[in-house]
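Take a look at the structure set out below.
In this document, chain identifiers A, B, C, D and E correspond to the written order of the chains, with residue numbering beginning at 1 in each.
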Amino acid sequence: MTEILIEARRLVKHFEPRGLFLKKKSEAAVRAVDGVDLAIAAKETVGLVGESGCGKSTVGRLFLRLLEPTSGQILHKGRDLVSLTPKELEERRRDLQIVFQDPFGSLNPRMSVGAIIGEPFAIHRLAKGAERERRVARLLDLVGLPRAAADRYPHQFSGGQRQRIGIARALALEPQFLVCDEAVSALDVSVQAQVINLLQDLQRELGLTYLFISHNLSVVRHISDRVAVMYLGRIVELADADILFKAPAHPYTRALLSAIPPGHPRAKRDREKLKGDVPSPLAIPQGCRFAPRCRFAVERCRSEDPALSIIADGRSVACHLVADGSLSVPPRLSPHSGAAA
Amino acid sequence: MSSLDTNLAHEALPERQSPFLLFARRLLGNRAFVIGGSLFLIVLVLAVFADQIAPFKPNANNFRARLEAPSAMHWFGTDHFGRDILSRAIHGGRLSLFIGLSVVLFTGVFGTLIGAASGYFRRLDNILMRIMDALMAFPAILLAITVAATLGASVQNVILALGIATTPHTARIVRASVLVVREMEFVEAARALGASHMRILFRHILANAMAPLIVRLTYVFASAILAEALLSYIGVGPPPPAATFGGIIANGRDFMVEAPWVTLFPGLIILIVVLGLNLLGDGLRDVLDPRIRV
Amino acid sequence: MRDYLLRRLISVVPVLFLVSLMSFAVIWIIPGDPTAAFLDASSTPEDVARLREMLGLDKPPLVQMAEWYGRVLTGDLGQSILLRIPVLSAILERLPLTLLLATLALILAVGLGVAAGTFAATRRGTWADQSVMSLALLGLSVPDFWLGLLLIVVFSVQLGWLPSGGYVPLLDDPLGWAKSMVLPTITLAVVQVGFIARMTRSAMLDVISQDFMRTADSKGLSGLYIILRHGLPNAMMPILTVTGIIAGALLGSAVVVEQVFALPGVGRLIIGGILSRDYPIIQGGLLFLTVIYLLINLVVDLLYATIDPRVRLE
Amino acid sequence: MSMLKVENLTTVVGSGVSAPSVLEDVSFTLDAGEVLCVVGESGSGKSMLALTIMGLLGFPVRRASGRIILDGDDITAGGASAWRQRRGRDLSMIFQEPMTSLNPIMRVGEQIGEVLRMRKGMGADTARRRAIELLERVEIPAASSRLAAFPHELSGGMRQRVMIAVALAAEPKLLIADEPTTALDVTIQAQILDLLRDIQAESGMALMLITHDLGVVAEMAHKVMVLYAGRVAEMADVETVFDAPSHPYTQALLASIPSLDSGGDRLVTIPGSVPGVGLMPKGCRFAPRCPHVKDDCRSGPPPLAMLGPAQRVACLRPFGYVRREEGRV
Amino acid sequence: MSLRLKGLAFAFGLMTALVGVTPAVEAAGGEIVIASVQGPPSLDAHVTNAQVARNITLHIYETLYARNENAEPVPDLAEGVSVSDDGLTYTFKLRQGVKFHNGKEMTSADVVASIERYRKIGVSPALVAAIDTVSAVSPYEVAIKLKVKQSVFLDNISSPRAPIAIYPAEEAAKGANEIQYIGTGPFKFVEYKPDSHVTLEKFADYVPNPAYQKRDGLAGKKEVLIDRVTFRFIPEAGARTAALESGAVQIVETVDGPTAERLRKDSKYVVHDVLPFAFQVIKLNHAQAPSDDVNFRKAVQAALDMQEVMEISYSGINQVDGGWVFPKSAFANDAGLDQYNVADFDKAKEFLSKSSYKGETVTFITDNLRPNVDIATVVQARLAEIGVKVDIKVADWPTTSKIGFTKTGWNFWTHGFGIEPFEGPGTVMSAFVGGNAQMVADPEIDRIAKEFYATLDDAKKKELFKQFQQRMYDNMVAIKAGNYGLFQVTSDKVKDFVPFRIPRMWGVTLAP
């Protein structure tokens, strides 16, 4: 593996209940992120998948210190972001950027596209006047928008175009690391493909590193080098994309993958049906947090919290059964391998 | 320069369209706004050019022409000083509008500052909002009457009283709006870019939180004119000989039966101005508030 | 629900404290003292000094304030300087009228306003909608004191149908009472009818556009049933909030109406207190009105929580 | 006889002859026990189709022409109130957002019960018993205790189950599900889809499932209708659509979806985006984005031509299956 | 009027009947409702000199001496008085058989206690300032010893200003405002609902003063022919009139000129002119520039057109009169009147140029009573013509009076002098003694007043008063704008009403 660009260590984020009066002791904090370790190498794409409420977006924001972690570290080029002064942080932010999900909410409707893309230059006093215009034009070129877009306003663009604007803004400061938080989820499939291609092209050309957060497993599979699966504030499995999708190890990953509809009507379906709903992050179960829904769970699972440990193929899994070999990792093909052959 | 799908670049871009122009065009297409705006504009023009338009001097006494009924000479009749009601009403618009505008400025500035501070800086929120709660719980009219009655009736005191009375609600509206906008992703994007609090607050949050404030301010304008009239009527408005709508009504109320025109016409004018402003506010709300839009 | 109630009750405390501080500030700011009410212009400064001493006004303000808080905490609002009766009984004596007036106006405003607003919302864009809403706007724009004067001229002086003012106790003469309340109630309610009608319409339009209304429609329920059973309860949320604010506004406007129609209510008591510098009345009255306002809002919040189970979780 | 027969349905926004259409000339049939998936991107008119059939269009959208024949009766004939009589009883619908589709301040039991009482004429007790049965049918645990729950006390999946129970309450002949799983997590989506399929198979009702997710289509559909910009682009049975998509749009749509099986390949894209209402091109509505466009495509709407026994395509020159490996269409 | 109105009047009557303690049983008598502008600050007569209080309290309480129709002191509760030769001891002989409302008979103990109480807490201490001791000589005789000879002592003891009302001794032992409202007057107190009404009813055991044949001012034969009187407080002028016209009230204490004019044409009402009722005075602050300059003060006087001033503020009920007593007074004279109502801008400018005025803004304070505000407004417009800028400050009475009794913050202050001219020249003078009103003592006035109080010689008093009036103009101590009056309006059902400055309800009957 190449040099590590950014790394989360024992990252924890609890949201405390708010209120001045009558704060009850029993009122638990929302344990959105509950001990996440994740190292991302330069120029790779790590996919972060999980169902809603699993804490994946919170992890993305913690990586950029848009949220203050409750505990843990975020090491970027050897420095812990948490320990940075506001001034230093402002400098670091040039290296770390984010692309958001909502193509409507992520652009200030009162600013022209030129002003939006040029704002990073204004904030960091990097370029003014004609120089700023030139740089904005270059960014527009980069994301495949006409230069004339600069004096239009966000409401005049379609969802895909807006997403390009958001990408251009994120790229303005020439960052190394980009968090894509559900960056294509709100787009129609035909447009989604355009943006995915754009992100891949940019990565190749600019040497970017991505943390690609999405609930859409196909998209994650498509774009990621490695994939981390989150469940209730924890990473339960982390592996190369190919390995993970071909042979998921963690019972949750298996269930998750098998829940995806097939790519073709004739595809085989042997679905591992998951019972019940995801528990609330207010009341995380004892032991393995997936145990209550896990069909393999044994007594140990309900009492002892499994750590994320490395097994074969350089993959890490947080499961007692996988770790002690009692649940074999089937070197099997994807359940949908019959499709579209 | 790249191997990207540059085909998007060829997609026809719509005409350059600033949100402000768009906004203006939509406003002009809004019937409530146009009617309200016209009513308000008429009163505004009358007020601004009162010296040129009013047929008489507003404070010219003529005790030999007291309480004359409306006639060709005095369209709205005269009051018990023998002053021309029409001229006083036209001049009265000037002061009433001035007071209304000042109250709007007062509540706009302080309401925005307090609302923005408590919406953005959560630490200030509790204390600021408790103070606003207290001010809101304090009966506004009584507050205004107390301030104006006891500190002496003057234009400044009326503005101060109404300003204090209207600010808490304005602050709440701005706060609510800020709370919504601060959760929007473009705010987070600005933070990710390293923007300062001030830049985020003014450039991003306030710029997008203004719509409810603007609507609120037109209603404040309307209610300030009503409240000013009420204070003048109670006898704690701007001191004489200042002509204000409420003052003229107050002057006439003792002769309500004998000379109804003294109270009738200024009241109607208040009604028209307030109606105009409310319509104006409705129009702005329809255009600014996307929930109501079809 | 009990926690919710408790939380709401506790949040009232700092507000009450601030209000009491403000009413003291009012007293320190305003010039003049209660002696002026007893004396006419020909009185000499010696007369004034003598009366001041007699009325116990020569203590420093901080002492007065400390004494006042000491008493209020035991439920004693003090004695009126002018009326020479306990402030609380002065207020309680006036309260029924003001509350009655405000309640009647509120009932009228909410009843008529909600009906009109709902009617208009369900006929959005039609001439019926427009005429109802124009009337509402007109009501909202009319200066209430002026309307009161006009009503007196028309219904009292010209037509002679209704009394021009004065209060008739209900138990003494129900018909007279009803007649005496008509004009004040209308005067007080007109603005709020307009306000609530507009509020209801927009709340109702909001609700109508929501998914669950479409669900209700997809069930094939009748239009009226959907509006009444699904629409209105949901639209009541913002209306209730506004009702709380309006109740406060009504208590304030009641002052004006009490003045115009010569009704002995709390508003006039406080205005009289202010004009005569009857400090205990001012403080007690303002505190009392505030408590009522807060109580109303508490009730509104509880109603809110009753109607909308989600609120209790907050 | 088909359970549902839709003929030349056109739905427009606003009044007047020139009112822009959101649905144009849509015709199809659906048999009892059959699942029709309506596929399309945002702006394709698929939700409008559902609402038009339900008679739930709100001002200013209205059905301009066309007939909807349900079980032999033209439901458009009797006017709004007759249509209303059909809803809940013959026609039911499930919506995309389980969070907002239930009345937030009404107990779940009452929301099911009111259909039973008002549409089936049941008494309170019977309705209550039936409601419990329905909740059990949609696999809600502890059904009887859930009657008193408010929607916010349930998870998204549970709410969607409640919605299904509401829709099934009066045993409809046709159930329309508009993106019923889009707002749900993938594991919950699987549960709901299974449930829908089971219920449909059991009751024999016709199911019209609206989705943008081709995976859902592959899993659920018997027949597929691809809508583009308010027009039917292609209609076929499900295997034909996946094996031999003939409309350039269908082809591109299938090709632009990343595959689960192989990562990294460059995705096929469709340039541009769906035109907005009122901005429709004159001829074939896909023409501006179509890689095979010729001049005649722009002259008039292409007819929906029969291409095979189970396939109809609205394209002047439909062509055979293009393998994905060939890259860009 | 319509039947409906009659029904309303009936309902109203019924209502008011039920308000009270005892229902009205006799067919005769009936109830009169008087519409007043506002309620009294107190019904303890000793502690308030407000006009509104006086109107009511003088029905409940009586004084030893009271003013007759011509404002002269005449015996009321006293049968008479004997003055010792040195003029220092006044021995009042009390009427016997006078009953308090609580049934007890009035004796000298009550009188002594009441006067002692007044000396302690009465709000017009000047009235009793000369008293050294008060003592009961016998159950029906009270002796008052003075410290110095005082020419106006009987005037004082009979003053209605804040009347030295005789209370029962046990009430007189109570503090200010703490008494029960028990007097000897022809009406007894029933109830006071602040901001609503005061109700009085006929005191059945009242014994009219046998010394008189008919009513005479506040003394005379007080014979009550009605059952009840209610003073109803209606602040809105329009509502007051409306109440009269709807039959809800029978008497309106005061109406405005235009209203009076209208009602006069209607035979259902009788409009009574009470003129003169009071002076309208514009006080000038001699302690504050520029009104510290006599030429400036004269410039103001010269600029004013008193007809305009009076006609606008008191339309139809005013006298343009510069004298410092009412015209019919024996003290009336024309000293200084050549300087009154000149309305000459040139002359005013001439005075102004001699003054130190340099264009600064002059402050005119007034309370929010409409006529006072009107006067300020007229004066402002008038003075603008000679280049004097006037800033009007309207506040409520407490604020205005607070400022008006200090040396700074004001130049002009206008209000009515009601009771002073009624009480007589001595009281008018006292307002300016020691710089009371003008803030700087005027030695000339102080001298004149001192001599005036000390002499019992009528001719000398008249001469001294003439000097006083001359001095008022020569030094322009204060400006008298004119006299104003009141329109009291009664329904035609109210018979035998004789207007007086206090609407007396004795001797009045009510037609059914």
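Note that in this section contacts are C-beta pairs under 8 Å (C-beta built on N, C-alpha and C of every residue); 3 or more make two chains touch, one makes a residue touch a chain.
The UniProt protein names, listed by chain, are A = ATP-binding cassette domain-containing protein; C = ABC transporter permease; D = ABC transporter ATP-binding protein; E = ABC transporter substrate-binding protein.
Being a predicted model, the structure only gives us computed values, none of them experimental.
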item	value
Most distant chain from subunit D, judged by the mean position of its C-alpha atoms	E
Per Cα centroids, the chain farthest from subunit A	E
Leader among chain pairs (count of C-beta contacts)	C-E
Cα-centroid distance, subunit C relative to subunit E, in whole angstrom	38
Cα-centroid distance, subunit A relative to subunit D, in whole angstrom	31
Inter-centroid spacing, subunit D versus subunit B (mean Cα positions, whole Å)	49
Chain centre separation in whole Å, for subunit E relative to subunit A (CA means)	88
Multi-partner residues of subunit D (each touching 2 or more other chains)	269, 271
In subunit B, residues with contacts to at least two other chains	5, 7-8, 11, 149-151, 253, 256-257
Where subunit E touches two or more other chains, by residue	236, 238, 241-242, 396, 399
In the complex with subunit B, residue positions of subunit E that touch it	236-238, 241-242, 256, 258-259, 261-262, 307-308, 311-312, 315, 368, 370, 373-374, 376-378, 380-381, 391-396, 399
Complex interface listing, subunit D residues touching subunit A	41-42, 155, 157-158, 185-191, 193-194, 212-219, 221, 238-239, 242, 252-253, 256-261, 263-271, 273-274, 324
Complex interface listing, subunit C residues touching subunit D	124-125, 209-212, 214-223, 225, 229-230, 233-234, 307-310, 313
Of subunit E, residues touching subunit C in the complex	1-2, 4-5, 8, 11-12, 14-15, 18-19, 41-42, 47-51, 121, 123-126, 175-178, 193-197, 232-236, 238-239, 241-243, 245-246, 248, 396-399, 401-405, 415-420, 427, 431, 436
Contacting residues of subunit A [partner subunit B, same complex]	20, 61, 64, 66, 89-91, 93-94, 96-98, 100-102, 105-112, 119-120, 123-124, 141-146, 148-149, 151-153, 155-156, 160-161, 164, 166, 169-170, 172-173, 194, 197-198, 201, 205
